[in-house]
């Protein structure tokens, strides 16, 4: 079993804001992240798949196909977007890094299995170089 | 003459949009950067000052004072903000990295001279690790 | 279960030196790291916690609280210090990266549980960009 | 149990090419990576071992010995080389990152056990900052 | 005058070898870089242009156009190539980083002037993170 | 004229302390950097030389020779040392980054001229990734 990873990036705006709460409580819990006019990040996403290298190619998965899949299914939907307003799969959800990474998993996991015998193993999402999350699907 | 640099960072939303143009022309010139609902970045700002090291301290400038000045005068005004809507000194200006760096210079240059004998030499502003600008005040 | 990480840094002096050994044996085993007048590093510490995102905040843990906890309990005690002389919890211990990371765990693990339902999962400590350790508490 | 890691790097040429296939199929599957005149990379290798810190040294393993072992057994054989032509242990194998990391494991695993009580835990090999693999020996 | 920079990357094989010299002298001067079967690198190229920001766009140059120009004129000709064998403009020249950056300048300088009022200011080429060159056209 | 750069690193302890001042004033001016028991850093030094590429080698300077010179003359004298106590050329000087870089210049400038026709152009010294100095010899 070899684990293969691909890094992609996107730039997006968001805010952390719970619509069921008062302005005050949002400010208290989310601080400057709740700024009503948004702020944003250069996100970095690392997609890790696991599998046996194919003896004919030496590949766990064709990296070009993996990269294309990530770009079509994730990057094109979030890059240069507002994560709260523009992204269908984030509607009605808090735009935290934790929620983002779990939605990305729901999209990518079946698609990776459909293009190869490799399995999605982990998603790692950097909001900044100092703050990041990992998700293993469970 | 020694050149001393300090890196600070901030996270902000913006869009590139010329209000004198049609929606179409904005899309054509600015592409996805004109997304009406904004996008955002982790900006990194490097402030370089130049001067003679003080024989009593070995310092061109007190880095703690320089860092505090940058945070109070720049970072606090742009971090977790919308560069088009929330930043007084960007009102009526296109929120390009070029315009940002020139406004930062206008603010920092006299203030650095007022707290030390060092002079502001250069501002370097990263919008992403792949796109950045430098400004020397002329 | 989502894994959330926060990076903090500190600058410290140390030496690797076993007081039960001769000067010669220290030199032989620890090489230049045993220099009697110390050397130092820019350490980077990544704290990873795991938990379920809170449905009201989207957070595994409030990153601001996590960052404050790390700074108060760890960074303030080791930053701009001598790890052999100035740090109470390292007294009588060899100031290796391995020992440091285990002491950090002992301090942080109960405190993280006390401020949230998340659990400390891993500590990763970089002594240099080329040398680093990880500890999972067992 | 503490996990200790050491990063080393090497520069090498390679191509991805299956000699049992036509030129056309190689081009189709491997794309520009099959360029007959080779291309190359700055590879980064992170070797992670696990063990109990020795109470007399505070070390899981002597990092100097680990670094020397990696350099003698791996780096000297692949640095400034052609991975397809110059490296005995890659003869007859596709020069993919997956195959490289598994061969490195076969070499390093018994040698690390022979110089210390620590065990090899993981090898992480970056082909580029955006493409990398990990192998745990099974 | 604002200086705007764009980073692009490419992966290539090369060797340092003077065909007018004996094998021995090549080995003596170029060391492992003269390995007859090549080695390779992940190169990073930073292109810096200078100019006045356009009042209608806030841009010194349209970064999308600059990026496309660099990719078409440079990256496509060197990425996944052998710098000694596959690159027309390096024929008959030693494939050193110094010679590469001067050839890149000869190609890019007139083309940048033809697509904008900005001027090429500097090319910075990293062969590795530890070895790099800069060229200002004179 | 091409500018060629080489990065080297070293780990050292130091403190900022003016022996002509009271303990109080040292604390006031230098803050935690004056900690009597030292602190330390992973320093990075970039040495930039300028010259014409030699037509027979394509080199401004032989990087191996440049690297060896930096290691023998600088790195060996400061790596795993205390900059205040162990380094002859820093005796009687404040161990600020500014003073370090000027002393490095005094040592390297004549030696580089003696091994090649290239000239030392700039020294860039990172104390941390956020604080660094540059010196051009005047």
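Observations, loosely collected:
Letters are used for the chains, namely A, B, C, D, E and F, taken in the order the chains are written, and counting of residues starts over at 1 for each.
Simple rule for what comes next: a residue touches a chain if its C-beta (ideal position, glycine included) is under 8 Å from a C-beta of that chain, and two chains touch if they have at least 3 such contacts.
Quick caveat, the model's predicted, so the values are computed rather than measured.
Any chain that touches subunit A and also touches subunit F is listed here: B, C. Subunit C and subunit F have Cα centroids lying 28 Å from one another. Those residues of subunit A in touch with two or more other chains are numbered 129.
Contact between chains, using the touch rule, shows up for A-B, A-C, A-D, B-E, B-F, C-D, C-F, D-E, E-F.
Taken in their complex, subunit B has these residues touching subunit A: 9, 11-14, 32-33, 35, 37-42, 79-82, 85-86, 128-129.
Of all the residues in subunit B, the ones that touch subunit E in their complex are 16, 18, 20-21, 29-31, 93-99, 101-102, 129-136, 138. Across the interface of their complex, subunit A is touched by residues 1-8, 48, 53, 56-60, 62-64 of subunit C.
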